[in-house]
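Letters A, B, C, D and E name the chains as they come in the text, with residue numbers starting at 1 for each one.
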Amino acid sequence: MSHAKNQAERIREISGVNPLKCMKCGKCSATCPAFNEMDIKPHQFVSYVANENIEELVKSDSLWKCLSCFACVERCPRDVKPGKIIDAARQLVVRERGGNYLSADEIPELLDEDTPQQLLVSAYRRYKR
Amino acid sequence: MQRIGVFVCHCGSNIAATVDVKKVVEVIASEPGVVHAEDYQYMCSEAGQEKIAIAVREKKLTGIVVCSCSPRMHEATFRKAAERAGINPYMVEIANIREHCSWIHKDINEATEKAVILARAAVAKVNLNTPLTPGESRVTKRALVIGGGIAGIQTALDIADAGYKVDIVEKTPSIGGRMSQLDKTFPTLDCSACILTPKMVEAAAHENITIYTYSEVEKVSGFVGDFTVDIRKKARFIDADKCTGCGACQEKCPSKKTPSEFNRGLGTRTAIYTPFAQAIPNVPVIDTEACIKFKTGKCGLCQKICAAGAVDYTQKDEIVTEKYGAIVVATGFDTISLDKYDEYAYNQSPDVITSLELERVMNAAGPTHGHLERLSDGKAPKEIVFIQCVGSRCSDDRGKPYCSKICCMYTAKHAMLIRDKYPDVNVTVFYIDVRTPGKNFDEFYRRAVEQYGVNYVKGQVGKVIPQPNGKLLVQGSDLLDNKQILKEADMVVLATAIEPNKDVRKIATMLTASIDTNNFLTEAHAKLRPVESPTAGIFLSGVVQGPKDIPETVSQAGAAAVKVVGLLAKDKLMTNPCTAKADELLCNGCSSCANVCPYGAISYEDTLVNDHGIRETRRIAIVNSALCQGCGACTVACPSGAMDLQGFSNRQILSEVDAICR
Amino acid sequence: MQELINRAKELLADGTVARVLGWKIGDMPYNPEPAYFETVESLDKFVYNGFCGANLSKYMIEASKLEGKTLVCLKPCDSYSFNQLLTEHRVDRDKAYIIGVGCKGKLDIEKIKKTGIKGITAVSGAEMTDACDTLEIDTIYGKKSCSYNDGMLERCHVCKGKEHKIYDELIGESRDTCDKERFAEVERIEAMSPEEKFEFFKAELSKCIRCNACRNVCPACSCRKCVFDSTKFDSAQKANVDSFEEKMFHIIRAFHVAGRCTDCGECSRVCPQGIPLHLFNRKFIKDINEIYGEYVAGAEAGSRAPLVNFDTEDAEPSIVNER
Amino acid sequence: MKYSYYPGCTLKNKAKDLDAYARASALALGFELEEIENWQCCGGVYPLGSDEIATKLSSVRALSDAKEKGQDLVTLCSACHHVIKRVNDDMKNCDDIRFRANNYLKLDTPYAGETKVIHFLELLRDTIGFDELKKRVVKPLTGKKIGAYYGCLLLRPSGVLAFDDPENPKIIEDFIRAIGATPVVYPYRNECCGGYISLKEKDMAKSMCDKIKESASGFGADMLITACPLCMYNLNKSAANGIPVYYFTELLAEALGLKEEAES
Amino acid sequence: MSVNNEFRPKIVAFCCNWCSYAGADLAGSSRLAYPADVKIIRVPCSCRVNPMFILRAFEKGADGVIICGCHPGDCHYSTGNYYARRRMTLLFSMLDYIGVEKGRTRVEWVSAAEGVKFSDTMNDFVAKIKGLGENVRLGDLRCKN
């Protein structure tokens, strides 16, 4: 199995999503509140996995822009769950050493006096191994 | 021992590509009872059937096994061939080596091995077959059509024109159905009422047609050719013979606040009402839940005003029992509930409406008298957004997995009509795919784009966001531009998925007609018998079988009528000889069988039997073969094995089990 | 017993009944057997005591074909069987004169013997009029005694009740003997692992010699000809050829009487190999009660047995996997 | 009536008042929240990967603890509720996760999703009932126009959370009515506040919260209420307008006349 | 038995003529594959399936038996599957009681329109039976020696 195929398979496994169910209606992208911040758009997550173009996908800034708000998951008429795909891609990155989007050093400057614990632990879960 | 011939069909390459048919012939030839085995390209062809005839003659066959497609496909063909060759048709068994074998397996060894086993099972069964003779049953020369929409009306007219009596049962106070609610129709823009009303009038006037409106089918018994149906005629509280249809009662009725079903709840009606002006019959009904007289005992205004003295508050529901030879189901459709799709804000804003509601808005007799206006404030819209596939093509549990088929076309129609009548209104259509197969259909859609300047955007809408200023912000995808767009609209129209009428499940159960997971009735064959239910004597007309538009519905309605006429034209029908039969020497007379018989086909008689020299009178089960439909429930209820099913006997099935497990 | 005999004599004498169906003294003090008595004199041999466990209702199938009425003695539990046969049109109510006889629990001679009492010559304390709490037993080795309860049949420990469900008149007192949980044994097996269950039944059923005693005594197993004796299922077998056939026979037998079996326990009582056959029937009864609601076969003549009945909301067969 | 209660880390710290008001109100309404012993942080976000087990274990421990006590598990923080409810669903419906989680935890009796997880709002709606709550209110918040802010975590995915209609919810609006105020329905009430993104993408979160607050005030809301400390934080960071944000429990305590008591 | 010595179970599927047999036909015409281990016997209705048939299949060496019928409420004969449902529930419970592995028998309701369900069901059933292995507990010892 080629590396790309392998990676695509990993994403399918981690996310539990079958990208072939997608009918390309674009409702996920129509829904996404972070759409404008993303370079690769939610409906494209699906086609990137289907086309095994994982190298591009994991380089995408979208990994760090998705809010996991599940709006795309809720509204997808085909039960494809683009939000789970992008999280799986993010997992691929953070599970590799050095792929962390958040480093301990930078945390102090990101905090303010009101920052709730919840924000820190959530961000940690999402961004770090 | 039988003398069995086995015929293995190649079905072109459908079977032969995955099953080694020569090998099947070779192996099966040595089975007990088999005296002849051969293979052929197409057993169902005339030449193939001739092969059976020749083998019967030459090898003196007494039984036949055809290894071919499903018996549901060609069992009848081969039974007839056997009969022509001089063998009892029930000496034929089919081994299904296509649908159950070659089409689902890839490995040729595996498929061949299985084909042999299936053939063996069939041979084992034929070894125990006995000749059976069908009985005859009579045909009541009258048809019932359930549903009085365009499908039901057309079917009834075609049956009636062929000279047979036909009754229409319609649940609502008038025939006409969904088509009567439409304003215009595609692909030519005829006024719906203008083409439907003449048909309604014709049906009402036809000497062979009886129409029961405000009525429902309550009970069905019997079988093809001889159904008995109870029809509940709900009390209208109006004497139809006296009513002149003057409408004075409706003008005076003080209870005016009930949402009008005909206007999809967008307008109101009175408690005593006819659903629309052209209603047939033009006799009102009283809605007892809204009527002040029924609720409080006071009022009675309609009775006082009625010059004909037709209002009768004491009227009761009436049950009419009638016999029919055939039943057509034409119960039509409704739009799905949008409660689970509130990202489109249907429940949050009156300016978000369904396409069927738009039909009423555009119609001169509708709530806005045909003026295109926002239902919230009555203002004329300047921007209208249409959203396609709302609830269609959904594999989640909110919507329907199928394409509703009519939406692309009616949306093009709406867009075009709006642009034509109100050129200053901008129309945007969000679509996933535009599906317009059909004569002059794609041309119609292209006209909407090219001639009328309707803006088609490829992409679904994610959310409709009501704004404080009363506008609707539509957040959608433009997939071709790879953009998320925000469009401020005055009105949003949802192409809501259609689903079979809610009552159809109940009706299907009464008729024992198969129904699919989407509540569409199943056809006897998806391609070759599209207007028949697998249940004999039940026929399908219109959307009850699957989504379809008016031209298709009318064609199918005619097709269903022809099938009904073909049935009613017969004087006698052959009955299924695979009925239950009790062995009088084994029967205990315990009544277990009669307890489970759904047809009341089993009775008990004191019978004098001679049990190996012992002569005594015993209580013995007797099966009425005209009533027995051959389900076999009784055979398992019988502890002694006295009750058996001809054609599917205990020993036959066991021999199949043995052959498979060998 | 004398009251019973006197009454039987009266009814025979005045022609109300043509014969009496009861129990006759056996060759041992503990083995009375079912018998017809057609004359007043023959009733001298009539016996009714703690050893009269046999259920006479099934004899009424044949008795129903005879001229005149038959006086039949039914214990409370037998009356369920009679009702069930009535429901299935196997017996004729008009041909039966039912005397509901009192019952203080019936005895199992094998159980008594198992307590070490051998060479029995006489037993007292098991008459209807006795208190039935201790048995005084004469043996060739001298006098012994045994608690009545210890000698009682398994079925009496889970007695359905002392009420007769159908009768023309009642003679004699009954007493409650139920002191065990009816489904305890079934539950014990249900709790086993599949391997243990299989081993348990394999061990029990391997003892079966296909003598058909269970079938012959069973009031529900009353087919004119059993499927296992007919050609209808290619299932006629005489000898125990392999272990599967024993399972098949007993499963099917239990299935055929499911919902009709009154749990009279005769099958286990008569089994010469001591196989607890009632455990099959009782499993079906337990399942029926739990899945389809309480049902007592024979409690009421004319009721519809659970297997020829249904509810649209019935549990799916997969419920078995969840239990 | 006793319930197991999972407060979560933030409620022990920055969002102490969310917790304090809830406990005081609960007592007054006749049910007791019994804090689970030695609970551990839920992790804040539900681990989406189907192969992630370790990150789900703290939830399973809390769930199993409630099961042992035979109590329903009440949550308050939207994030904790979301995580625990979804993990519970996995334990009930996903054979693989159940098997592996039980393998790790070695509980006395394996856990298979038996515990019922309810949010404090559901407790008010389904156990006490909003009609009953209305009767218990001593200081109705008459005249206040309040926008409910749901966010994502309570509503989606609706198949698992089964909290309310995910596109047109009404539980908080009904709550607002019950405490005597007027709910203001606005379309952004189920849109995301930005969540954890605000740690690094502060502008993005701000602009999202601006939209929410503008929409709410556009429809006439004087204030917003929420059940989530992170939503509260993000909404407060938005400069859009001065519309204040409160925890729903604060208004509950106020309406029940317990506010001062709870604060002391 | 295939060459690689993989266990190939024998599976008998009783399918009612009106729904499940047609569902199997649809699975076929839609080319929805399931293992060749499944052999279908056509019966008019699931209520025609006698427990004797099932035990006989096991006696003769079947490893699994599945009964398919119309969905409850949709029986072609109105009520047949309701009786089948009770009979099979009790029979399966008895088989479990005597120690036959759960899962060797199954009832599924498959309509004529559910080709996909038919195929999925058979794939799943075969996988389960493969997991259980050969049916030793109820096999016919006579034939196996």
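Everything below uses one rule, namely that a residue touches a chain if its C-beta (ideal position, glycine included) is under 8 Å from a C-beta of that chain, and two chains touch if they have at least 3 such contacts.
No experiment lies behind these values; they were computed from the predicted model shown.
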| item | value |
| --- | --- |
| Common touching chains of chain D and chain B | A |
| Touch-network distance, chain D to chain E, counted in steps | 2 |
Connectivity without chain B (remaining chains kept where they are): A, D | C, E
| item | value |
| --- | --- |
| Per Cα centroids, the chain farthest from chain D | C |
| Interface with the most contact pairs, given as the two chains involved | B-E |
| Whole-Å separation of chain centres (CA-atom averages), chain B against chain C | 54 |
| Distance between chain centroids, defined by C-alpha means - chain A, chain B (Å) | 45 |
| Euclidean distance of C-alpha centroids - chain C vs chain E, Å | 37 |
| Contacts with 2+ other chains: residues of chain C | 227, 233, 307-309 |
| Interface hub residues of chain A, defined as touching at least two other chains | 71 |
| Residue numbers of chain E (touch at least two other chains) | 50-52, 56, 73, 79, 83, 87 |
| Every chain pair meeting the contact rule | A-B, A-D, B-C, B-D, B-E, C-E |
| For the chain A and chain B complex, residues of the former touching the latter | 21, 23-32, 35-36, 41, 43, 71, 75-79 |
| Residue numbers on chain A that touch chain D, as the complex places them | 13-16, 33-34, 37, 64-65, 67-71, 73-74, 83-84, 87-88, 91, 101-102, 110, 114-127 |
| Complex contact set, residues of chain E against chain C | 50-52, 55-56, 58-59, 72-73, 79, 82-83, 85-103, 105-107, 137-142 |
| Interface residues, chain D side, partner chain B - complex | 159, 165, 167-168, 185, 187-188, 215, 218-220 |
| Residues on chain B engaged by chain A in the complex (per definition of touch) | 343, 389, 393-396, 398-399, 432, 458-463, 475-477, 479, 482, 484 |
